[in-house]
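Just below is one structure, and these are the notes that go with it.
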Amino acid sequence: MTAAPLPAACAAVLRRDLTLAWRRRGDIAMPVLYALIVATLFPFALGPEQALLQRIAGGVVLVTVLLAMLLALDAMFRSDIEDGSLEQLVLAPQPLAVLLGMKILAHWLTTALPLIVVAPLLAGMLHLPAEVIPVLLLALLLATPMLSLLGAVLVALTAGTRRSGMLLALMLLPLCVPVVIFAAGAVAAAQQGLPWLAPIAWLGAALALTLVLAPLGCAVALRIALDA
Amino acid sequence: MSDWIPLWLHKLGSPPVFYRFAGALRPWMLALALLLGAVALYGGLVLAPADYQQGDAYRIIFIHVPSAWMSLFIYGVMAVASFIALVWRIKLAEVVAMESAPVGACFTFITLVTGSLWGKPMWGTWWTWDARLTSELVLLFLYLGVIGLYHAFEDRRQGARAAAFLAIVGIINVPIVHFSVNWWNTLHQGSTVRILGPSKMSGDMLWPLLTMMAATKFYYLASLFGRIRADLLAMESGKDWVRQIAAREEAR
Amino acid sequence: MTAAANAIPLLEARGLSFLRSDEAVFGPLDFSLHAGELALVEGDNGSGKTTLLRLLAGLLHVGEGALDWRGRPRRRDDAPGEIHFLGHHLGLKADLSPRENLRVAIGLHGCRAGAGIGQALADVGLAGYEDEPVRRLSAGQKKRAALARLRLLPATLWLLDEPYANLDRTGIELVNRLLREHVAAGGAALVTSHGAVDFLGSEAKRIRMHA
Amino acid sequence: MTAAPLPAACAAVLRRDLTLAWRRRGDIAMPVLYALIVATLFPFALGPEQALLQRIAGGVVLVTVLLAMLLALDAMFRSDIEDGSLEQLVLAPQPLAVLLGMKILAHWLTTALPLIVVAPLLAGMLHLPAEVIPVLLLALLLATPMLSLLGAVLVALTAGTRRSGMLLALMLLPLCVPVVIFAAGAVAAAQQGLPWLAPIAWLGAALALTLVLAPLGCAVALRIALDA
Amino acid sequence: MTAAANAIPLLEARGLSFLRSDEAVFGPLDFSLHAGELALVEGDNGSGKTTLLRLLAGLLHVGEGALDWRGRPRRRDDAPGEIHFLGHHLGLKADLSPRENLRVAIGLHGCRAGAGIGQALADVGLAGYEDEPVRRLSAGQKKRAALARLRLLPATLWLLDEPYANLDRTGIELVNRLLREHVAAGGAALVTSHGAVDFLGSEAKRIRMHA
């Protein structure tokens, strides 16, 4: 009898979630398509005036990407709870926080990464100047993992309740606001030719903190949610 | 530390003991709160001189600042009680944490409203997304999240544990509210009142402020005790000591 | 089966109960389980069998009473990987095949020496269905896929919630054979059942739940 | 033995779905909150410049409301399929199309109606002139049932597949575009003081058509989805 | 039970099979069921029992062979409300109480003369749980809530997929009693089972599925 080593367990969880996502790759594509729809509909809804679109492009892309991520957040643990897989995960002999970290990573890889990949396209559709796009991508690379991590904790907390949707939104909104402010601040600064490093640095620092704490919090929250 | 803390907590944390203790103290707390509040308002609104810059508009400070302090203080109490509730699973701590939340939310709301009212003449706007204002708003959302989470669970104690966890996580926001004026340059006033060292405020204004602070503290305790007593009766409705109380009430 | 009787029990419950909104779901229970022993948890629908098993697995908190694991109070992260829980929800992902599901389980829990996924699936009668998505299996085949975990994972104590439900006669035989081999190898198991199917004869302890 | 009359059956389905929605009222509130979040984040992302906001307000509200509806569309039959309720519905002695019509009505009442109720608030947050708001509401009142109806057919079609998300989005996009164009056209016309009746009339005609055809299509699609 | 033997059968299958990707899931079946008759569908896990029942219910399309209903080829909207199907998924909404779930069922299917929801729930042993959300019921209690539909709805033919699973002994007795009463009142029923529990003795026809 040999207990599984931690790296193997992490690999197993990550691989499982990625395989599942691949099996339902239509669902991964959902947030991306959703973001594309938004970017397509905006010119229709506002009229194709280039200066106006350019002015709002950075903000629209940021908001769209973050909202598309929120869409998928709710489902992070739902199917695992319903089919009993989460219980098996909790009872595994590995530290739960690490395993959950892997689940969060898988979630980020399958929802946020595709969005970041299409972000330049979205930005292009709304005529964002090309030199601002790297800053936009940097902001997204820092902001999206933070949302995945914090979102996971909150989703775990509400997992035991039936009325999760509203609560989740209520708790996420205040978290989104500062993230959007900093990210949009960096993009706007870049678009006006001003220095944009300070807001990006703040985002980075916040990300480092959540990276360590969020999986631990998520583990505690899930244990509480299952305990009934 | 591992042994005597839980032992001691369990003793005071026993619902019947606390029920009696809170029942005896509550009227005194309430009386003190009203008395001190009246004195502070008299001192603030009548005795204190008008500000040389702001005229009389500044007098809203006597509501704004004490409730702002209370919004932070109560969050602290809630987080500590939550910690005790999660680690030692003491029912009373759960109740203290959960019943603090609505009171704290009220104080936070008052802070936001009085701040806005004051902001209009001072800064020419009801609201800006400045660091202190934003973080205070986040505090309100945290309180609401705790209350909502508590009530979203069917099992009260499970709900209390989940909400307690959220309260502990949210504690990071408290230093952000307090120090935001130092860390970022904001529209909002820096700290003027200091516990240690000399205050930047004149004594005429200071003493009503501090009195009001004491009054709000007593008010919080009184209302907390009242809520806890009601909650304990509901939660322990099957237990002997509650039945005895009910019997006594009937006898009267 | 009696050789271990004097040793420290794997699991010992004294006045154990679980509280939901401060009310006990099942009456205080006293029992102990040694390595090499089997216990059958009997009770009517709604008497708390599932709740008891989840409590023993460490998914729920002990309400009142005490629960010891190898002679010491059971804490959550004691006994990592020593307990395997099979509940009403089987813990299989419907979009993965049985083979992939088992591979995940092995990744998390490790593998019994000498056991292999293909062999285990053949043992539970799923030869030919190894690479079919679990979604397309029949109810009994899903149950069998979950039972294959018992073959593979190195757990000492099995907590099986109605393992016989949805199984045909050979399936029931299979569960009994798995239990017999597990016990012979020094494992222990707690099984719930309504007593309508033949459980391993009279070798087992019985724990009765009263609703 | 008495078979249930059709009105009673319709009432039963409608009442069931409304009760369920009420039990999970947090989830009903989700699209509304989501729309509120979008409307809150926009000023952050774009800066609070009133003229700009006013210019894009009508379009943003329309797009937000429609997208918030799409959010909830996906779940229209999911839980009924998972717990076997849909089979019971299909086997009921009533015409399936009518029963499904009731489900769609319940869905519209629980997702679109709250959104329409908060739409004036959203419009206000983005400084849309007050006299345009009635037109906006009219456009929403016609556009949202159409989305519910068409969406239901598509959801039913994709219910049997595993990769539902992408398909759904792909098929809905071409349907959304004309709806948005007409609705936004009416609002823009009203904002500029031009006559806005023509696009509204088109929307109304299209709605009348879908109202008749969509439930029938939905019934056929669902029978196909279950048949495997 | 033999009185109706010469009459037109309720259900008659000739060479019936179901095709999945052009392959037959079960071999061609021949059987008939008259009013007042009971049939037990036996077969191992994965032999196609569930598939057969869904086919008879009209949820799946006949692949090969013929299926008659009261002497005429079965079409989808024949027999509205005459057939009641109880599958592995019970068709209960977890957020509604048993009472509310039954009310919906009655709204859709109508109600047997003289039957009442409260009485039906008491009959299946759910007195006291009428207003609890189904989510909070134990596995057996959920099954019982679904069985209460049999009491209430005016169906002639019952198709029950493993009605005994998750039930305790009194639950099994309950199912048998329901079946006996239904048959005595001129109804008919097709029941799948693995033969591990006592089915209504030898009164029933048997239909064997070969995997």
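Miscellaneous remarks
In order of appearance the chains are A, B, C, D and E, and numbering begins at 1 in each one.
As a working rule, contacts are C-beta pairs under 8 Å (C-beta built on N, C-alpha and C of every residue); 3 or more make two chains touch, one makes a residue touch a chain.
Bear in mind that the values here come from a model prediction, so they are computed numbers and not experimental data.
Of all the chains, the one whose CA centre sits at the greatest distance from that of subunit A is E.
Among the remaining chains, the Cα-based centre furthest from that of subunit D is the centre of C.
Central chain by Cα centroid: A, whose mean Cα position is closest to the mean of all protein Cα atoms. Ranked by number of C-beta pairs in contact, the top chain pair is A-D. Here the CA centre of subunit B is 43 Å from the CA centre of subunit D.
Averaged Cα coordinates give subunit A a centre that lies 34 Å from the centre of subunit B. Centre-to-centre separation of subunit C and subunit D, using mean CA positions: 46 Å.
Note on chain placement: the centre of subunit D and the centre of subunit E lie 37 Å apart, centres being C-alpha means.
Contact with two or more other chains is made by residues 23-24, 26, 44, 162 of subunit D.
Contact of a single residue of subunit B with at least two other chains is seen at positions 129, 152, 154-155. The multi-chain contact residues of subunit E, meaning those touching 2 or more other chains, are 88, 95.
All chain pairs that touch, listed by label, are A-B, A-C, A-D, B-C, C-E, D-E.
Subunit B contributes residues 129, 134, 137-138, 141-142, 144-145, 148-149, 152-155, 158-159, 161-162, 165-166, 169 to its touches with subunit A in the complex.
On subunit A, the positions that touch subunit C within their shared complex are 1-4, 8-9, 11-13, 15-16, 19-20, 23-24, 79, 82-85, 87-94, 99, 223, 226-228. Subunit E makes touch with subunit C in their complex at residues 43-46, 49-50, 88, 125, 129, 137-141, 143-144, 162, 164-172, 194-198.
Residue ranges on subunit D touching subunit A, taken from their complex, read 23-30, 33-34, 37-38, 40-42, 44-47, 52, 55-56, 58-60, 62-63, 66-67, 70-71, 161-170, 172-173, 176-177, 180-181, 184, 188. The touching residues of subunit B, counted against subunit C in their complex, run 89, 155-157, 235-236, 238.
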